[in-house]
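Listed after this line are the structures, all set down as structure tokens.
You will see chain A twice below: alongside chain B first, and alongside chain C after that.
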Partner chain A sequence: MSAYSKYFIKKFCWYFLTLVIAVSLNFILPRLIDGNPVSIIVSQVSKGMTDSDTIKQVYDTFMKEFGLDKPMWTQFLIYIKNLFTGDLGTSFGLYPKKVTDILATAVPWTVGLQLPAILVGWILGNILGAVAAYKKGVFDKAIFPVALFVNSIPFFTLAIIMLYIFGLTLKWFPLSGGYDFQMIPQLSFEFIGSVIRHHTLPFLSIVLVTIGGQAIGMREMSIYELNSDYVLYSKLLGIRDRTVSRYVFKNAMLPQITGLALSLGTMIGGSLICEIVFSYPGIGTWLFTAIRQLDYPLISGCTLIIAVSVLLANFTLEIIYGIVDPRIKAAQMEDE
Partner chain B sequence: MNHSIRILLKSPKFMIGTIVLVLMIAFVLIYPFINTKDPLEMMALAFQPPDSNLLLGSDNFGRDLFLELVYGIRTSMMVGLIAGVCATIIGLIFGLASGYMGGFVDNFLTAITNIFIVIPSFIILILISVSIDSRSSLVTALIIGITSWPWTARAVRAQTTSLRNRDHVNIAKISGHSTSRIILSEILPYIASYVVMAFVLQTASGILSEASISMLGLGPYNTISLGILMNWALVFEAPVAGAWWAFIPAAFSIAVITFSLYLMNTGMDEIFNPKIRS
Partner chain C sequence: MTKNILEVKGLKTYYRTRLKEQVFAVDGVDFVLEEGKTLGIAGESGCGKSTLALSLMGFYFPPLHYQSGSIVINGIDIMKLKKEELRSKILGREIAYIPQAAMNALNPTLKIIRFIEDMMKVHRPELSKKQVWEMAAERFETLNLSPNVLNSFPNELSGGMKQRTVIAISTILNPKVLIADEPTSALDVSSQKVVIKLLKDLLDKQFIKSLVFITHELPLLYHVTDDIMVMYAGEIVERGTSHEMIFDSIHPYTKKLMGSIIVPEEGMKGHKLSAIPGAPPNLKNVPAGCRFSDRCSYATDACMTGKVESKMVDDRTYRCLYDVEILKEWYAHE
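What follows is the complex of A and B.
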């Protein structure tokens, strides 16, 4: 077996175990606390209804879905079986809509917003950090405190400030939603234009905060590399500055990939709250609604899909890292 | 120890961060004695702009926002501090145990740490908060603390592993000192600066976590925190009403607190970690 496939299989097993634990936590945490909240919530939901037939129908749906009358183990098996058939239950708040259907409409918006924003922020932040470390002087003194300040602003704070300045005061961009509400989603220039205008502010607020954090990390890594022996040696050898800075950039870049993998969870969490500020029709906004309505199946669906996608993204990054970083291959070779 | 504190006092970054933070803490602790009103008392119309009487205007219930902000900063800082202490202690115990003992304990603890680094703590935070019906700010702080230790654990483990086989530790072992004494007097002093830095970062991230979770509507009950102020502003549509004073000051306070904590951390990093001094 080649060294790389060994690395791959090892990583795969670890992530599979992590996935199992994440799914179990999603099942068990809300049920651990005294008086199974699911059953309490079911009784709360049916309180508001007056028609006794509907109450019975709603109650039966949830009793069947959660298997509340059965022991915990059977409940867990039902939960897993439903997961495999892609059934995340029925929403309390939007009864009788399926949680899977709600999430299916939300996911494209969230992915369309976060994936480009995090990538752009990461790339720009790294370039800025490297430049700050390399140029030093005034440039570094200006960039570093700004980056540090931007990084200490929570995502949603920047979002709310941008909403106020560019949306409300200057009226450059719309305030909420994913597109103009009177439009019907279709492939026309007008509709795409509307989507882009609604996309701009949330996109920018995520990009800005990501740039801040990444620039700080990259600056630190680059300074560390710039002070290392090989740089001094290359300089003494008379290798051109541009070539040396390429070496430095390459070496400082590698840990940044791991850094991205590790901070992904926080970033996605922050961006979800950013969605709420703009009432962007993604998972974050649904989560917000679900929490306010105590819509337990929807909350659980949202947390599950977020956890699974963070795990997937992390796994992908680690696989890429294994290809990019020669040290990983070397370490695997030694093991053999 | 005295020596390193003296060096720290010369770092402008560390000093600026500390001074801002100390002034802020002093102000929010003293102000309630000067203005003894209840922050939840309604005393004006909804969303009144700032004037000489109400320094930061009023919120949607007509409450004095400046007073609310002072109490909010107090709660948020307390939550951050407790969460930071809690996360640092758990991380320290896990990291020391796995780094010093090695073998099976190390493998087991490292596996747990790696798993919980990948599962977003934000998700666990939501799941636990949804399930607990009446959350005080202390409960929220503890939940944040027990979901954010893996970073510290991983870093402490790395440092401890590299210290374990140093000569001075081996001598202490040969001299027959007990494990707890070796950890306390031969290992802890070497990683102390690192732990303090991790604690500062954990506190900052604790404040940010509290703000995020409160924004979602899962914050502590019966209290005012910066996140809750933002949540109210959003739920009652302060931005649409043009009431910037309902959310900009709270947002700015979060940024200033975390900024000064990060600044302190960077200042310490530059002193204790000579390799990144530029």
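What follows is the complex of A and C.
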């Protein structure tokens, strides 16, 4: 077996172990929160009921239905067994909806919001950073502090400020949701228009934050590369400025690409705050709702998706890097 | 009569700092280099020798600024050229440069041949990629470098190999003058020898006409160059043939500098090493008189005031208030 496949298998085992721990924590942690989900449901269902025996009966039925009457470790084994068949259980709060069905409707919203926003923010941020480093002067002096400022505002503050200005005060964009709630999802111009209008504000907020961070990083990297010896040497051989700039920005981009891959991996987990502020119907909002209702299966389902996507992104990146960069490959072998 | 390949007159190039201060790194340098000759430039760190090397290229990047003076290469006054003309007609073709840190002089993510292709796009646009390859491979082979190097990334080469590659690239268009800024300082002794041999090879094969070799290692210059020029605080203090400079220096600074050379010999450990007392002046505010006056053991009050011009005595230039005879007499009394 080659040293590289050995490395691959070892890495895979480590990531698998991490996944097992993550799955266990996903199961245990929600159940450690104070409170009983069934009590919450029963108190809603039994509004107006006075007969305590009936209430007790309703309570017991739900406990049995959700499997909460069994000891914790039995529940865990059932959870693991179901996991292998791709069943994440039934939601408590939206009973009898399956958790997998809820997640299937939520993931496209999250990805549809995050993916274009991260890509647009990343591209614009890198262009701005590179231009700021190259042009210097007034442009740099204006861009850099603004980027630093935007990047330092906590995201939820920025989101709330944007919501307040453009949603509440100017009324340019709707305040919440993924589309007008009286509409039925379908492929019509009206519906798509509504989706776009709801999409704009959360999209812009993510773009803005991403631009800030990327521009700062790219500016620093570009300045470092612009001052490197190969730039001077290339120019003193008469090589065109345009060609030298190409060298510089290609080299400055390398770490930025790593950053992009990582932020795509944490995309689903990173959407939490944005979705909660804008009440966007993605994973984040569902996770928030699930925690308030102590909806154990839904919490576990959401966190499972987040854990898997982060692990997958890191694993892929590590493997690809080992193949692409001979220096990193050599370093990886030394870990053996 | 031999032709002058490089003539520098009254060259002044200053660094301008953010606080609007000026650093007089090269402050009125005159010298001439004849075709086929090699010239060494020596001096302590911070005396302006690397800045002089950069300035000779006629291509300035902030914070370095051209102040005044002329640089004539092969009959062309390059300071009168437009930047674009200088870039496409002079750099790499008439005058070429080997940087101080050849280790990092090559773009780490570009194969050597791609870099040469980019260079040829400017200077020899009529060549196809195949022709560029053939030309480069032939030159590399002539210089005892494997053409396989062309297909490598810089980080796959050793330090000495990188240095030789950089030299081969710089001289691929047969420039008249090659400016080598400390090409051996970062190398071990055996690699140094290979690099020196390569430079001599280039001269023998007429790939380059003249060489300016900058270093702080004086013994090395003695073996490599015909003439040596010593710089101090942005000025040339003395110039002569290598032999004269090492064994019969005129200027007190050169004398002291030669005395600081560490030569391996029997019983060295017990010897007291002589060093020049004090430190070179801050080039932001240089002394009014002789720039070496505050460290010179022969300095008189007259040295501290009034500018000292350089003098010429049978082909040798030196910058001291006192005549050769007086200086020689002082040295004899030591």
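The rule is short, and it goes like this: the second predicted complex is superposed on the first by the 219 of 336 C-alpha atoms of A that agree within 3 Å, B and C clash if a C-alpha of one lies under 4 Å from a C-alpha of the other, contacts with A are read in each partner's own complex, and residues count from 1 in each chain.
Keep in mind that, in the parts below, a contact is a pair of C-beta atoms (placed from the backbone, for glycine too) under 8 Å apart; a residue touches a chain by one contact, two chains touch by 3 or more.
Remember, predicted model here, so these are calculated numbers, not experimental data.
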Taking the superposition as given, does A:Phe12 touch the first partner, chain B, the second, chain C, both, or neither? neither
Chosen between chain B and chain C, the partner touching more chain A residues is B
Once chain A of both complexes is superposed, is A:Thr243 in touch with chain B (first), chain C (second), both, or neither? second
Does the superposition put A:Leu262 against chain B (first), chain C (second), both, or neither? first
In the overlay, answer first, second, both or neither for which of chain B and chain C A:Asn26 touches. first
Under the contact definition given at the top, report the residues of chain A touching chain B in one complex and chain C in the other. none
Residue numbers on chain B that touch chain A, as the complex places them: 114-115, 117-124, 126-128, 130-133, 204, 208, 211-212, 215-218, 230, 233-234, 239-240, 242, 244, 247-248, 251, 254-255, 258-259, 261-263, 266, 275-276, 278
Which residues of chain A touch chain C in the complex? 228-230, 232-240, 243, 247, 250-251, 254, 327
Mind listing the chain C positions that touch chain A in their complex? 57, 59, 61, 87-88, 90-93, 96-97, 99, 101, 103-110, 115, 118-119, 121-123, 155, 166, 169-170
Sites on chain A touched by chain B in the complex: 14-15, 17-18, 21-22, 25-26, 29-33, 37, 133, 136, 140, 148-149, 151-154, 156-157, 160-161, 163-164, 167-168, 175, 220, 223-224, 227, 262, 264-266, 268-270, 273, 276-277, 287-288, 291-292, 296, 299-300, 303, 306-307, 310-311, 314
